[in-house]
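Here come two complexes built around chain A, the first alongside chain B, the second alongside chain C.
Presenting the complex of A and B:
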């Protein structure tokens, strides 16, 4: 905890040009870690860079060993060409609505379920929790047909809710959050109860603020999973108006004759940018919440 | 594989409800709904995969709107359904709940799967009343026939062909494409480049992932069709001879032990392999993405030339009203008409299914421009259907595993094929018993 603060506090206040000698020394003292981190960061960035560069190449350049790493001429036309195979704008809106809908619904259900399993006692609790855990073990493909029948009975085939409904509950999220709730000392909850809080009050004022990192971690996992989901949306939708981004990507990736790399990468840039942008905007908050979760 | 019982349950639930609803005829409820929604136009769905490139989505959308404009009584909805496997899964799921699409486009190997599900409309009589049996190329039509009955119209056939890097061949002083297995081996040896033991270029690559498809072609080149509709014949000496030839090429160091379908196409474009077995459907992509001259040749023969077909037909659902079946036929018939097929073949690289489509002036001009496209048509004269057995998915996996393990040197060719044969036939028998 203390060492973390030493590293985080001076950085915003570091004077850029004052006393060059001393600052060079401090830079070196603090910077040795960067010598290690910069190559690692580059390694992590390299796929993104490759995607970006490939999206601007001509088709013959992609696999030609004689062609250099950089495109000879920037082929911006790959972007309109990629986006013209499907209505990506509609897909983007749908993806946001589906992923957002799932995330919100899941946060509500897993919070309530996890609180119940962590802090309440009732008959059959352990059996019920085991059943929840079993749900994690079933691969999603095993439940496709039954889910399909259910969604059809609801009469919501070929609509956005069809892609949300099967995922509103999450055994994995419930498990994760239950473990986090159990880490919170019961004394805090007891104190809140003395102050007159009910279950919802305790949950809102005591538990949720303390497990924010877990919620965020789960949020990232679920957003990435459902943002990239391909098979289920493909199965339950027919019209272009309700389809999501991965289906558009599939048009370029899933072909018999080898993927159409330049256009596929152009479309990939478009598809991953919202997620990247979201992360860049909220990066500080993500990282902060992980750091300040020092409570044990 | 508990799919079938679940289907039965779904079917029962549906018919119960139909009774409750008091529907007079026990047609699929979806057909009823569909009919109710559009009094004037018969609504059809067409589920199709995108096999060659994303542009196919636009092409199909264009064809469908043209069809709809020309047919005021019918409205077709085009539904993109992923690749062939995804499409099959989507259709089977819809069949499972008793609400199949009117028409769909699977790979031809799935014929027995859909026949087994009793899901296909028999269009033999309709075809006989038409010019189908006269004008369609017989090898293509064959892929839709089971027990003498026609279940659908071929729409986008393809076969494997041998792709050649002409520039590399010129550099090696080779003028002629290999015509026999022996020549193939020699040319592959001459084209393989090693620098101090390190491999620079393979002579030949067989596109992995679909190498069982290419293997069936090799069997056919040995005058063996390695399956009948209720069993496979992988333990036949002709199949063993084909696999032993693969092992010989691998051991001579002219061919990699394994590859992937997309990776092998990429390797060819990058010049890391000089010859490649791949689908005719890849012609446009390989031509446009390679920095050298690409040529196409027949797959070399052994006892005979031989090939087998990928690609698929348009199939029509049985479980729909007669009016919808008629409308589906009108649609399938239009999609396989001379003009549409000529255009489709030129746009995609798939082989046009009608003789008359090849004779259109546009197609003639195209063939002058891209003579390679003609090779696949000529080779199609030797082509039959691909592995039309029940449960072909699993059978393909058994065979691919046998081929992979043999080339990796883990097992002898004869033992591998015997094992794949026994496993496949057990699976086929299991499915047939359940169907019976």
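Presenting the complex of A and C:
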């Protein structure tokens, strides 16, 4: 999988445009590009626009074809109404706990495993590494059935740990971090060893600070993936106290399917906005993470 | 003795290595490899959820599967969804990436506009599209009426329900593939384009003969990611149609869920799960042999 090792190379500077004729030609070409891109971008944005607009409409306006696109009056009251029909505060806390739990557990396991694969020699290394890599091919969607049986046997059904345990080990994270560790010059580690650092000291003081960008990239992808997870939390939870935001939203949708779109869309805005806001604020970080490391 | 010392150091290093791998291996074994082996074991048995009694059936589950019309239907739907959605999404992504691979004004805005669906939970996305597709007041039908076309019940129409979910999936994932392709396009040396342009090669030919071959490793990678992401259709089917109308959107993952959780038939559901793994594994093997060989590696 050579293609996984995409690296950042600063894009070459644009050649200087000497002749005015050529720059006019380029401008024309870019004009065409905008002509293509603007409608496409609007098309892509339209679902989001509909969510926002519908969340501010009056209930009857939605079903009235003659009502027009914009709400007659902004119904901000849809938001408190949406938040009061289900315990969204509890869902939020659960979402934070589950996503945070997975993130912390993964960072620990992949750091240890990646260091081992990058810097230690031991029998069976290649075989074990293959086992790690193969995990990428078996997402929870392929193994959910027997995993459900396992979780049930452990007696942790309908609890926060049940939503965390299948994701503690990450073959892909291990792979990503191992690649990063391998680029750290061995001289640095040797110097630290001469200064009396053990493996853990070297890992903590030399390797981890140097691979921060990779850790952040992996962290962002993990958070996006598990914050939005639906199938597995749906299967292993059956009471309000442990549900996460997506599950709560799904339940709300099911309970008043089509009856009250305004309330549902308001709830959707609430569920969707934390990540979208983070994305808008840290756009570059998010884009870079998914550009160079995005696999999940 | 020097020899003994190095041997001891080696053993100690190996011991440390296994110790450090232990947490990952434990969870990999319990939640990735054990389930796969176990589902193979289950598929030869009659297993009922919540019942500890397991009865040996031999190949009975597989015979049942062979004659199960709904299984073939769900497999067909899965194949249809996978082989159309992935190329479509990649084509869209390629279009976006090529268009954005220049110093364009508003680049960040376009990029965000295409990428934001990736950040939205599948359940929220599915729900919004239920609204967009709804009959009568749904914006898509209103738009169609506006240009004089008849209404369609989309998700309630057995012909259109699966294509409707596919369109939604293209919307959800193209931006993601676009980002990965964009990263690859940035690595294509610009002097290659320059030389081709001076030789009078048209933009289309430049795309086909320069860009595509040079980014083929990434395209290959994107196809694999697309394949792994296509599993997520479960979420959309669950939220949007629940397999209906008349099983028109019943896909393998959903059929496994129905058998395992609604009918509590873990044995048969495991049999289906094995087929799903075989299907995805087979598809990856096919792609690897057909596509993987033609991949160009720049400077390798």
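What we mean here is this: the second predicted complex is superposed on the first by the 191 of 296 C-alpha atoms of A that agree within 3 Å, B and C clash if a C-alpha of one lies under 4 Å from a C-alpha of the other, contacts with A are read in each partner's own complex, and residues count from 1 in each chain.
We adopt the following convention: a residue touches a chain if its C-beta (ideal position, glycine included) is under 8 Å from a C-beta of that chain, and two chains touch if they have at least 3 such contacts.
Small disclaimer: the values here were computed from a predicted structure and weren't measured.
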item	value
Contacts of A:272 with chain B and chain C, given as first, second, both or neither	second
Chain B versus chain C as contact partner of A:160, first or second or both or neither	neither
Comparing the two partners chain B and chain C, which touches a greater set of residues in chain A	C
First, second, both or neither for A:148, with chain B first and chain C second	both
Touching partner for A:85 - first (chain B), second (chain C), both, neither	first
First (chain B), second (chain C), both or neither touched by A:103	neither
Which of chain B and chain C A:59 touches, first, second, both or neither	first
Contacts of A:44 with chain B and chain C, given as first, second, both or neither	second
Partner chain in contact with A:260 - chain B first, chain C second, else both or neither	first
Partner chain(s) touched by A:234 [first = chain B, second = chain C, both, neither]	both
Intersection of the chain A residues that touch chain B with those that touch chain C	62-65, 144-146, 148-149, 230-231, 234-235, 247, 250, 258
Of all residues in chain B, those that touch chain A in their complex	3, 6, 10, 45, 50-55, 57-58, 77, 79-83, 86, 89-90, 93, 96-97, 99, 158, 210, 261-262, 265-267, 269-271, 278-279, 281-282, 284-286, 288-291, 310
Chain C partner contacts - residues on chain A that touch it in the complex	1-4, 6, 9, 11-12, 14-15, 30, 33-34, 36-37, 40-41, 44-48, 50-51, 54, 62-65, 108-110, 112-113, 115-116, 120-123, 125, 128, 131-132, 135-139, 141-150, 165-166, 168-171, 174, 199, 224, 227-231, 234-235, 245-247, 249-250, 253, 258, 261, 264-265, 268, 271-272, 275-276, 279-280, 283, 286-287, 290-292, 294-295
Chain B partner contacts - residues on chain A that touch it in the complex	59-60, 62-67, 82, 84-86, 144-146, 148-149, 152, 230-231, 234-235, 238-239, 247, 250-252, 254-260, 263
Touching residues on chain C, where the partner in the complex is chain A	10, 13-14, 16-18, 20-21, 23-28, 30-36, 38-39, 42, 49, 95-96, 99-100, 102-106, 108-125, 127-132, 134, 136-137, 139, 142, 171, 175-176, 179-180, 182-184, 186-187, 189-190, 194, 217-218, 220-221, 225, 228, 231-232, 234-235, 238-239, 253, 256-257, 260-261, 266, 269-270, 273, 276-277, 280-281, 284, 295, 297, 300
